[in-house]
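Comments concern the structure below.
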Amino acid sequence: MIENARSLNIAASFILIAGIAYILGPLYLTLSTASQSYEFILRNGLAWLPGDQLFSNMARVFAETHIPIQMLNSLAVAFGDALATCILSFLSAYAIVYFRVRWAGAAFALILATIMLPIEIRVITTYQVASNVFSPLNALLDVTGLNELIAAYFGAPVKLEWSVLNTHLGLIAPLVAHGTGTFLFRQFFLTLPKDLFKAARMDGAGPIRFLLDILLPLSRPSFAALFVLTFLSGWTQYLWPLVAASTSDMQTAVVGLARLVPDAEGEVPDFPMIMAATIIVSIIPLAMIALLQRYLVQGLVLTEK
Amino acid sequence: ANIEFWYGNTGVVETAIQAQCSAFNAAQTEHHITCVGQGSYEVSMQKAIAAFRAKNHPVLIQFFDAGTLDLMLSDAVVPVQEVLPDVKWESYIAGARAYYETSGGKLFAQPYNASTLLFYTNKTELQKAGVTETPTTWEEIIEAARKLKASGHACPFVTDGDTWRVLEQFSARHGLPIASRHNGYDGLDAGYVFNTTFAAKHLQNLVDWRKEGLVRLASDTKAGNFTAAFNAGECAMMENSSGSYTASAKAFEGKYELTVGMAPMYKGYERHNTLVGGASIYIMKGHDKAEIEGAKAFLDFVRRPEQQMAFTSATGYVPVTSDVMDAIAKSGEANTPKYATAAVGIGSMNEPRTPDTRGIRLGFYVQFRQVFMEETQKAFAGGQTMQAALDNAKKRGDELLRRFEQTYKGVKLH
Amino acid sequence: MMSESSLFSHRWLPLLLVAPLMLLIVLFFYAPIFQAFYWSFFLERPFGGGSMFVGWDNFIRVISDPEFWEAGWRTIIFMVTGSTLAVAIPLILAVAADRKIAMSLPARNVLVWPKGVAGASIGVVFAFLFNPFAGVLAPLNSIFPGIWAPGIDGTDAFITLIAAHVWGGIPFNFVILLAGLQSIPRSMHQAAAMDGAGPWRRILDVQLPLIMPQLFLTLVLEFTESVTSAFALIDTITKGGPGGSTTLLVYKIYTDGFSGYDLSGASTQTAILMVFVVLLTAAQFVFLGRRVSYDR
Amino acid sequence: MTAIDMAIRAAAANITLSGVTKAYDADTTVIPPMDVELGAGEFTVVLGPSGCGKSTLLQMIAGLERVSGGAIAFGDREVQDLEPKHRGCAMVFQNYALYPHMSVFDNIAYSLKVSGMAKAERIERVGAVAKMLGLSDYLARKPGQLSGGQRQRVAIGRAIVREPGVLLFDEPLSNLDAQLRHDMRVELAELHRRIGATTVFVTHDQVEAMTLADRILILNKGRIEQFDTPKAIYHHPASVFVAKFIGAPPMNILPVTGDGAVLRLADGQVVAAARLTGAYQLGIRPEDILLDAKADGHKLTSTLRFREDLGSHAVLAAELAGSVVRIATPFGADVSDHGQLSLHFPDSRLHLFDPASGRAIPSAFGAN
Amino acid sequence: MTAIDMAIRAAAANITLSGVTKAYDADTTVIPPMDVELGAGEFTVVLGPSGCGKSTLLQMIAGLERVSGGAIAFGDREVQDLEPKHRGCAMVFQNYALYPHMSVFDNIAYSLKVSGMAKAERIERVGAVAKMLGLSDYLARKPGQLSGGQRQRVAIGRAIVREPGVLLFDEPLSNLDAQLRHDMRVELAELHRRIGATTVFVTHDQVEAMTLADRILILNKGRIEQFDTPKAIYHHPASVFVAKFIGAPPMNILPVTGDGAVLRLADGQVVAAARLTGAYQLGIRPEDILLDAKADGHKLTSTLRFREDLGSHAVLAAELAGSVVRIATPFGADVSDHGQLSLHFPDSRLHLFDPASGRAIPSAFGAN
């Protein structure tokens, strides 16, 4: 366009530079500190300038901490969370949008409500459930009096027990119980031409074929965007894995990382090693962002209706 | 049997615990212990609570001093002395016993990583400022602090104002109660009294000294951490747990000279014992005989003098049985830095005691510690006077006590 | 929406399709919430064993506790300032990145990075960044001693938290808002240019009004996100201090429940917070959502 | 004639709607009870303004919408409760609704694949269809790489590959530009001539309707206004609605009053002799109005307002008795701008409508 | 005539393009050097196939695209380096690009507001424009609540409220359905007659071009094929491209060979007498072909393939010398299907083109 947008472009450049600096500042500090020695930190606190200890600090992370192994847990949790979220959200959004069922609105509302209350608020009781996933069922049987009947007939009431604590399943499942994915897919489905659905029906495709042959291939960008977002949030989860995993070989890297900051007052945290570990722990998600960044914008364009 | 032990420590201590566990597993074939770090005492306890409700709790769990009453009334643990009647429990030093024993004199938990409050100085810096004698009273500390300040030292004395340090240990060694009913030993109907004792004056002093620039809080230091500030030489004196000795010694190596002694008194007050800190190990209910056997074996193992000595030398935590003191004496290393805290720590805990200095047996005490910190920090920041802060803390603390009383209505105090 | 009757009319299949997610949500969302509500009417012993029905006592206790109100008030302040900034700053960045300038490309990549760095691990860095002696504001402190003291001064600690929160909130909001800006048709800019509106003016008159749906979406999500993100940051940066000045309700619930063993009190607060968040979100929909026009 | 053509021709069946109604929700009936029979192999165009229920009707035939009442039969087979895939009809959508992620081949073959046809047979069938539609060279492309016309052919290929007896189109040309639209129309007509499937074609474009239909079904608010051949509809519109809807520019409609002897316009000028009394609507097509008529009929005086010259012919707009009348003059006759015009309405070209119901009054002036 | 009309008429200026070129990137020139002058107050339609550079040309005039070379002048004022807002021209966009969040009033008033006009004056100006466009009752509505026709009027209102000397339209009718399109066209013509702004109107619809333009500029791949009145373009197309582009159905083009005496079709039939030798392209419009000509001219024998009946006239497609020839017969003459047709091409209606360049060869058969 022929117009003098120079003032705006200059301002925009400055804003972006400031934004980038704001983002990179803490990351730079992480890097510079990670490349100093513990002794340096003891004397100076964190470092403004990089040193030469980066690799030895990283080597210590590998040698002295569980973080490399815990990264496998993180990978399992983030991947499992992302995959399960993508698949389950996809399926439920599919049921809500493409089936004539009276409860679709209610189901969607029930799913969407989960967006409002993060796991941090309900962590205590969630832990209770995770420690025995049958506890709600047991309680239900008790309250309804069914258990008395059962006890009368079979001699003992039903008391099922299954703890998912300290398992990958238990780390993942409560994270998946979340509505964002369903919301995203629903929005996306609503933007698809309706005739596509009708055409497939005319072609004789039933619900499963339509799902597999038409909807799934078309949802790839949304799938990718949701996958990346969920993967990242799964990877960076803190409170739930902290609580739900009790052994260090089940814990995720972020929890392991936080654990490097000692609880007792007796010590100055080994910040160089912690920062080196931070870098190691962030490598996978950062690589993921760098690779899949374009899908993020692409897959999130939620053109309303 | 295969058994589990949950603990809360991290860092150096965690390493030492894991070493002990491996040693135990290597030493015999009958049992196998898995020692699980939970990241902190709090998380460890909360998980134990949930795990107990779900009936998949460990046999052994370590917990810190502040939670003693909560566990005693929980009906989730068995007194160790009942499970292990044959152990020579008398060999545990009185200071450690008092904190964890029932009214009937039976130990409820086996003291494990025991600590107590000590006083640390950077002798090099003190001498630079012309202080040749290591101070032992608050009056001397303040005098030294003024000298340090005059000589340009920015941070003469440092503390974090932690409840354990500024209230519990202070009150105990000055023979002051924190709460009525002998700090709760006599019943759940106790109420807080610290806002009326000399402790209130001491806390007000801290506020004034901080204003004067003689005392710094953790957040006033460059490192944002008072231990780090002391270790880095930024601050010249601090009050801290014996558990921090190893780290300080390591940091000072080759740069500064470190002294460690008993925590300071006010002149005119008779010295009483300091309380045992750190944590102890409980046996949880609901396990079969084989598992209890394993637990017993482990408890016996960590009680062994050589194990305690190794733990002490690795962490700075204090040994708690008299036979270990003998062993240390025999080892010929008694005066080396390795065991520097052992003698002074035990000595401090063994000072004369009164019914008010046995320990703390108050409900929801962990939460009270936070309340106390919150209120006093406001006073340090100038948001309210120290007296108002303490009155507030008492009020909120009493509410906790009343709720605890209500929660455990009808439960007998051991 | 499609017409009802042109949809698949299977009976069991849709149930089967939502069942897995629904099961998880019922188990790990509704059951815990129900449990929290349940506990809020009881005095619950931490290790179980005795639990006493106390009616509304817990609610009365919580409501008459000034600490609760203070934490609630702080939560609101954090939600409002935190989410406003966490939307406004990405908005400004997105408007800038939407222009065809050299910086736009690297910005689009770098600005997403924080999403990959856990709040729990970056908290330490922020604590240092705002350290009164060594951090970015240290020079200020050497001129006016004590002006910046997050370890003592609650407001300063609060600001530190918000800065860290905004840092972590940039990526998601940036991406959504940028996507919104990019879907504005070119002809809309051209029309405004013909009308004599320069590029600055177009930001206000054209771009902002047209990304209202995205702004609304980010605001709503950000409100709940601020609750979540706050936890990890408080836990690593301030621990709720100094003097409780950064104890938001989530953190208070966590500490009351986890370190105070006050399951009943924590559950009661959880229940109240839930009602509050739900009401707040509903209010957003009513007051903001109504003004959002989806016309393009 | 290829094998596919023959198969489709054989499958073609007549479509009978008996009392079919549709209401999307309780209070608004989109289609009141409708009875109609579309002949086997016939090309029916459903024409009507936007929102009149054309798509709804089509989708009920296709099985994409449930009927609220009544029955639909293909031949003797009642189909209203069958799933789309069991009805044996195929559909071409407005924007073609091609699967964007599939190649042309896969798009066409998809219904065969779903029905479980063996691969070899699929390739053969798709090959035959593609050849017939001139798509053989494009089978590997994705829809995004095709021109509008090619896309339409793919959509048609997808529809006919299953050899449906009934072929349905929902405004398949409305997204194209004029040029392409014209070409597609011709292609469609040829295709139908060849394969002879019973075809229902929905549009709101009258040129499409006129050129494609065997019969046109004109819908207005869900009701059938007229169902007849294009010629009959053009020359004998059954109502004012049809008269105004068909023809561009549309039929002129003027209010007239009969005094038992002649019909007069609002300003008193006499249009025609007729033994009618009372108020009527008089209709005449623009191309039926004669200029400067030498005939001895009634002359009407009007004022020229403006003219549109379309090359092949011009359209004049003239003011007559307070209304605007459009006149189509054959092949660019020269008329001076803004002057007086003398018009003649031949009796045989006049249409008379009841002003209340809008229905035509037949044979008012004898046959035409 | 209102005050706004007068102001715009006064501002109307001629537009001169001198050697204007445009290349979006180095290797592809969208517009090769172009020289053209559009008269003050003239209504110019730019017509051409998709992608030929119509929008590009318009946007260069508007200032939304930079020229790659050459100069644009409004009157004596060189404008090619001015920002859009300083050029004094206004534009109506394809999808109108109304601000969806602003009321009709605010949409129209926006440019005035930007220019800092006082509120009272704004209300007055917008009121006048709205009245002129019949929008007075809709000023408070949002664009989403308007019909297509109303939206267009808002877009026009927004354009003319600033009293621009130059009014630009980029395919403003292409999103409308046939009916509405027709009405809008008439409104536009009236509007231009009234306000007389220099108008450039881009379209690829020839009916629009024919009915609206004072002169039509026909573009082909960025080059001007012809720039003349609609009548001249229709009756004297300057090239095969123009001949085929204008007229529906388009002009028939047949290869002929001259032997110095007559022109013959590919199958040897004689079309016309002409003293020409060599190969040519012969053009004749469908409506110019006579059926069963009584005239003594050359008779051509052809076979009828099919017919499209459009009510007002019919189009026959006949095979002649291996090509398909379309014939428009006036007002539904009855011709039996699929029979032999005898055709006559009147000399005066023939067009001759150079087969290599495609340019018209003038006066080959005297005037017509």
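We call the chains A, B, C, D and E, going by the order they appear; numbering starts again at 1 in every chain.
Please note the rule applied: a contact is a pair of C-beta atoms (placed from the backbone, for glycine too) under 8 Å apart; a residue touches a chain by one contact, two chains touch by 3 or more.
Per UniProt, the chains are A = sn-glycerol-3-phosphate transport system permease protein UgpE; C = sn-glycerol-3-phosphate transport system permease protein UgpA; D, E = ABC transporter related.
Just so we're clear, the structure is a prediction, and the values are computed from it rather than from any experiment.
Note on connectivity: the fewest steps through touching chains from chain B to chain D is 2. The count of contacting C-beta pairs peaks for the chain pair A-C. Seen from the C-alpha centroid of chain D, the farthest chain centroid is that of B.
Averaged C-alpha coordinates put the centre of chain D at 27 Å from the centre of chain E. Here the CA centre of chain A is 15 Å from the CA centre of chain C. If each chain is reduced to the centroid of its CA atoms, chain A and chain B end up 38 Å from each other.
Separation between the centroids of chain A and chain E, computed from CA atoms only, is 57 Å.
Shown for chain D are the residues that touch two or more other chains, namely 59, 64. Across the assembly, chain B contributes residues 43, 46, 53, 222, 224 that each touch 2 or more other chains.
Touching two or more other chains at once are residues 4-6, 128, 131, 133-134, 190, 193, 198, 257-258, 296 of chain C.
Interface residues of chain E facing chain D in the complex, by the touch rule stated above, are 49-50, 174, 177-178, 182, 185-186, 189-190, 193, 204-207, 210-211, 230-231, 234-235, 246-249, 285-287, 306, 308-313, 328, 330-332. Note for the complex: chain A touches chain D at residues 193, 195-196, 198-205, 209, 213-214, 217-218. Taken in their complex, chain E has these residues touching chain C: 59, 62-64, 83-85, 89-91, 93-95, 97-102, 110-111, 114-115, 142-144, 158-159, 162. Here chain B touches chain C in the complex through residues 42-43, 45-46, 49, 52-53, 70, 74-76, 217-222, 224, 364, 366-367, 370, 373-378, 380-381, 383, 396, 400, 403, 406-411, going by the rule given at the top. By the touch criterion stated above, chain C contacts chain E in their complex at residues 185, 187-188, 190-198, 201, 205-206, 209-210, 212, 293, 295-296.
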